[in-house]
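Got a structure for you, questions after.
Chain lettering (A, B, C and D) follows the sequence in which the chains are written, and residue indices restart at 1 in each chain.
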Amino acid sequence: AAKNDASSSGTKSGGTSFTLVTPDGVGQNEFLKLAVNGVKAAAKAHNGTQKVYESTDTASQQQNVQAAVDAKPDVIVLVGFEFADIVAQQAQKNPKQQFLIVDACTTKTFKNVSCAVFREHEGVYLAGAEAGLLSKSGKVGAVDVLDTPQFRRYSDPFAAGAKKVAPKTQTATRFVGGQSPFDDSARAKEQANTLLSNGTDEIMAAAAAGNYGVFEAAKAKGAFAYGVDVNQCPSSPGTVVDNVIKRTDVAVQKGIDAVLGGKAGTTVSYGLKEGGISLTGLESGVDSSQCVIAKHKDVLTKVEALRDQIVSGELTVDDPAAS
Amino acid sequence: MFFDSDLLMSALRALTPILLAALGGALCERAGVFNIGLEGMMLLGCFTSVATSWFTGSPWLGVLAAALASAAYSLVLAVGAVTLRGDAVVLGIAMNLLAVGLTSFLLRTVFGVQGTFDDPTLAGLPLVGGFSPLAYLAWAAVAAAAVLLSRHVWGLRLRGVGEAPDAAATLGVSPARYQYGAVLVSGVLCGLAGAQLALGNVTLFSENMTAGRGWIAVVAVMLGRAAPLGVLLAALLFGLAEAAGFRLQGLGLPQQATDAAPYVVTLGALFLTTARRRRRTRPTGVAS
Amino acid sequence: MTPRQADTDVAVELRGITKRFPGTLANDAVDLTVRRGEIHALMGENGAGKSTLMSVLYGMERPDSGSIRIDGREVTFGGPGDALAAGLGMVHQSFKLFDSLTVAENVVFAAEPRRFGLVDRAAARRRVRELTEEHGLAVDPDARVGDLSVGLRQRVEILKLLHRGARTLILDEPTAVLTPAEADALFAVLKSLAGQGRTVILVTHKLREVLEGSDRVTVLRDGRVVARLRTADTSADEIAAAMTGRAVELDRIHAPGTPGDVVLDVAGLAGDAVHDVDLTVRAGEIVGIAGVAGNGQSELIEALAGLRPVRGGRVRLKGEDITHASATERRARGLAYVPEDRHAVGTAPAATVADNLAMGHHRTALATRRGLLPPTAVRAHAARLIERFGIKASTPQVPASALSGGNLQKLLIGRELAHEAPLLLVEQPTRGVDIGAIQNIHDQLIAYRDAGHAVLLVSAELSEIRGLADRVLVMYEGRITAAYPKGEADERTLGLAMAGAAVPVEAGE
Amino acid sequence: MNRITGALRSPVVFSVLAGVVIGALFLLGTGADPVTAYGAVLTGSLGTDGIGSTLSTGTSVLGLALALAIPLRAGLINLGGDGQMVLGGMAAAVTGLYVPLPAPLATVAAVLAGMAAGAGYAALAALCENHLGVPLLVSSLLLSYPAVSFASYLARYPLKEPGSSLPQTRQLPEGVALPAFGDSTVTAGLVLVALAAAAYWFADRRTAIGYEIRMTGLNARFSAYAGVERRGLTLRLLAVSGALAGLVGAVGVLSFPYRFLDGALTAPGYTWTGLTAALLAGAAPVGTVVASFFFAVLQVGGLSMERTTEVPRELTQVLQAVVIVFLAARLRFPARWFNRQKEAV
């Protein structure tokens, strides 16, 4: 559905306009919801209007991008790896149109394509460190939607982080898979259960809608879980330890600012250093977050130290998607 | 331990919603209505059970509402395929599509959220001995359906209607009545399957959360030759293959292999059973 | 035959029944009175409106006008259930049975003895045994109906009605698929039922059984009653004339043909239900195979047609070995085939008449060398056959299901004759066909033989075999057990041979 | 007069109208303006900006509809379109990437490889029915899942584009692609599928094999009696069916973005849309084409409606489903409405 809210002052003509195209339904992904917030905020800030085109599959992605290009807004924002090919094609055909891709970049560089990419693995690594420090069984694991490089970013660094602080930690990863991997919370719960029955007591949940299933499984066994994108602690207080926050909204807003400010064609990478990736536990509202980590200040202190090492470049985290 | 009690529990949990839906499908099949809309009816059950449980605080009312809502929804198939003699396959496909759209729409209008509705205070079904009461109901339903079909007056008539509707009609048995009945019962069972999935297996609703379970139920109906015990075995095989698949991921098998495992196992079982049957009865020329 | 005692009572009375289908007036103000305890025959050509009238009586069709009285009371039936409740019962031309259920289950279906809502199977079995003993209709209550012979299935149909306490039994062409022995057994049962005060309405095309088995006859033509006769006072010729509106020559014995070279040569053939069969058919000759249904005749013909596997022996067509040839190859080498089941095998009822007539010709006469099948050729071919064989169809584009039974059979025979194949296999060519059409079909087969073709005929009608065949073979338990030249095959001799001659006959079979 | 009332009474017209009316009620219920919404559907799918998308969506829908219609004409249901299509796409991708031929020839080879892979896999389902006694409906459906998983595995591991975040193969070499019309997304794939439709129409109407297929669909025992070899026919029809599904997969890979991306072929659900179109048309050639085009319009127009109006996206699916339900139930206006009119005239 199109959400073309005019901004407060509402002069549609002459005002700037932005179109956000998503790769999937917004409902399924927290970081897409953040992206929508980002583009709304940008519209407000720039006194303009915005639209959101939600896609469901490759065919609708192409149709939506084409429709966005046809409508000629000031900036077209696209979220997701899926758009790299389409943007490369459209950017060449429409050199006057500005594009902003979040989460990916075209292989060739274009003057009219700006990119914002995230280093989720840095945040996941810190979450893994928390898990390593908190785990009693010495076993931590992750449940991913699918076995793809993009989801491996949520499991491999988690293991690495845990091993960094507790080298003997055993790690494992499960993938939801099945006919509808993004929506299948029951299957995600079973996958979490297979980890739990092996004694795993700290689980990274990167299972989209399945996260809630992972939380339920962990809760039932008195184990702990880690959420993604936003603060998921309130949905299962006492079970969710922390979350890897990905500030898609910030990336969208800053990206649009940059494009409008004449700095198009650049790639900005957001990690711990830039504040694009963070943990709920490292943010200011931690005490009211309902996250378990709020009660483990000692762990947070150690994690903060790791964070500082990563920020300073002293410690680098491997990116599974870069292989 | 690879084959341990956790594996069995996991298989049984995966099995329950599939079994309930497949029993409904089997009844329809016996009555001569090909019901491919199990997935949609189940999804509607998921939503209704969660919404009702949320607003009333009672998961039991949720179960009841799910059964009623899915039964009402199944009327689309009954009216379309039985009364109007439309194509049951197309109707089923459309019902599945409709259920996805409708539940997502309701999710947004009723709860004001997109994607998933999940709340720590949402009341799910209690567990008795590790399973929700609906799981026990599912087992009871297998027995009930088996007795109904083989021994009960209704079951006899239902089988007759499915096999030769005009023969039943000449004896004053209305095929349409029995077909409506079967479709409505399948609606109720799919509603229960949905409630089991959304208030038993997990406690939340998310868009399209049935994720193909209705289709697996359809396969189980075919594989089990629409006999309650056959359907149970088929669903059990499937559940075990899936649970074992999860374990195999732990042994390093790629996710794609474990995704395919239940289907490959099912196909293999099918080959074996039909090979045995074929050795017993040889097909003959035109008469086959 | 003298009218029975109770025949002053009227069991069924139809007044002014009119039933119209789109384009057809199936029943036109029909009056029919059937007395209690009588066997009342309803006759008429294909499409005369017999089945329609019975459907109206049984509540399956609503009449456009007219009234029905049962036992003197006026009734309106909403469906067969009401008719059953009023003491009517019908055995349909195509049996309405559940093949996968047992005899007992079929009999009690929808009138089950119950215990706690469950079907009381023991009681059902007992009930079937009681009924079978009372009426001499032996059949195993636990047999699966799908495994039964046609004759036994019919018994199940009758048991069904008796179980419901039907006082009036309607039978639509009950003997069309029965062997003579089965038909005789059926009539014995019907007579005993009538003797008990039940009423029987019998729809049939067979004059012999009407004359032997009925008390009175009503004849329909074009939906109207054209004659009401007392069987005792009438003759076959009179009934036939009333049905067709012209004089009909009945039960002709056709002159023998002049056999030439061997066309079909079968030696030691073994297959499903067929053991060590030797036979030859020559050009210009009709060879008839008589036998009680279920003795391997159908299997033999299907094996010859290439539709069943052959497990031993050899088959030669015009000297060429076709033992293991496919159905397609056999047809290509000169074989045509009229199967026994014209609805399920011989035609595609949902397809048009033209498409039905094209089958088998579509790769040869009608197709171009490149595999094209021009629609114009199909239509022209259909028009030719419709003309030549007198098939009554409004246009070649109507579906074959709209043809009457007799016309559908003409379509099928016409199509196969048109192949001009050296060998024609024919099964039950006149089953369910009225006497006018029977004559036409017999004439066609004789003309085909006289044109120098070989014909292998399987029929349950002994009169048909005797009338047409130049030689008669008898098949028993999968073997050819006797052979007679034309003239030596009288009904008695054949009957004995069909029963296995010296072999004792099973009770009721 | 008769013809007009006949057309009006036809189930198709009624179902579409009923779907439209019920959809309008839904739209009103959510506060949207039905006229604007339907206008958006039509301009979005048939207007200059949308027709390209409609035709490229239509290419896939029609291709799969034909793949399902052709065996359906003989009474055979192939539920394995997804697996056949994905293997076709994968075979095309592998051929396109690795065959050492000049680009145009590599493209042709990729198309042929895709068709061959689909045909071979569908034939496997036919063999299961012919020789193992597993009903085609079941064997084709069950075989589909492992095929999809296998292709997914290939795209994830052995054939994955190094460095990519997606489970996808490398892009095909420059020029290994189906030529497109102008800068639209419509490729020569449309021509191939249209040719297939024309060939099907011709075979169905005017050839002996088409006749045999039709008769088998109407009464399989009848055609067996007349010498049509059932197993051979099943095998050949499934091979053709699989080849068409494989063609759709190959067309998908040989069009933008010129690579195999896991899930891209199956996610839009063309197989089900195609099956629905084929069933609604009773597998008749012209009907299948019309129904496919109608569904393409509905899908592309629905997305466009979502973009340009306030209509919530879920309603698009609801609208499509309602139209299909009415079509499937073959509702029609009661005859007496028209008879009354006639009397009045």
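Heads up, the rule we're going with is that a residue touches a chain if its C-beta (ideal position, glycine included) is under 8 Å from a C-beta of that chain, and two chains touch if they have at least 3 such contacts.
Being a predicted model, the structure only gives us computed values, none of them experimental.
The chains in contact with chain C and with chain D alike are B.
Chain centres were defined as the mean of their Cα atoms; on that basis the chain farthest from chain D turns out to be C.
For the pair chain A and chain C, the distance between C-alpha centroids works out to 76 Å.
Chain A and chain B, compared by their mean Cα positions, are separated by 35 Å.
If each chain is reduced to the centroid of its CA atoms, chain B and chain D end up 27 Å from each other. Among all residues of chain C, those that touch two or more other chains are 307, 339, 345.
The set of chain B residues that touch two or more partner chains comprises 104, 108, 254, 256, 259, 285-286.
Chain A has residues 25, 146-147 in contact with two or more other chains.
Here the chains touching each other pair up as A-B, A-D, B-C, B-D, C-D.
Within the complex formed with chain D, the chain B residues making contact are 76, 79-81, 84-87, 89-91, 93-95, 97-98, 100-102, 104-105, 108, 219, 222-223, 254, 256-257, 259-260, 263-264, 266-267, 270-271, 274-275, 277-278, 283, 285-286. Chain A makes touch with chain B in their complex at residues 25-29, 33, 146-147, 172, 174-175, 177-181, 183-187, 189-191, 193-194, 197-198, 209, 212-213, 216, 234-237. Residues 49, 52-53, 56-57, 60, 156, 162-167, 171, 183, 185, 256-257, 259, 261-264, 267-269, 300, 303-304, 306-313 of chain D touch chain A in their complex.
Touching chain A in their complex are the following residues of chain B: 4, 6, 10, 13-14, 17, 104, 107-108, 113-116, 118-120, 197, 201-204, 206-209, 211-212, 215, 243, 246-247, 249-250, 254-256, 258-259. Looking at the complex, you find that chain B touches chain C at residues 147, 151-153, 156-157, 159-160, 163-164, 166-174, 284-287.
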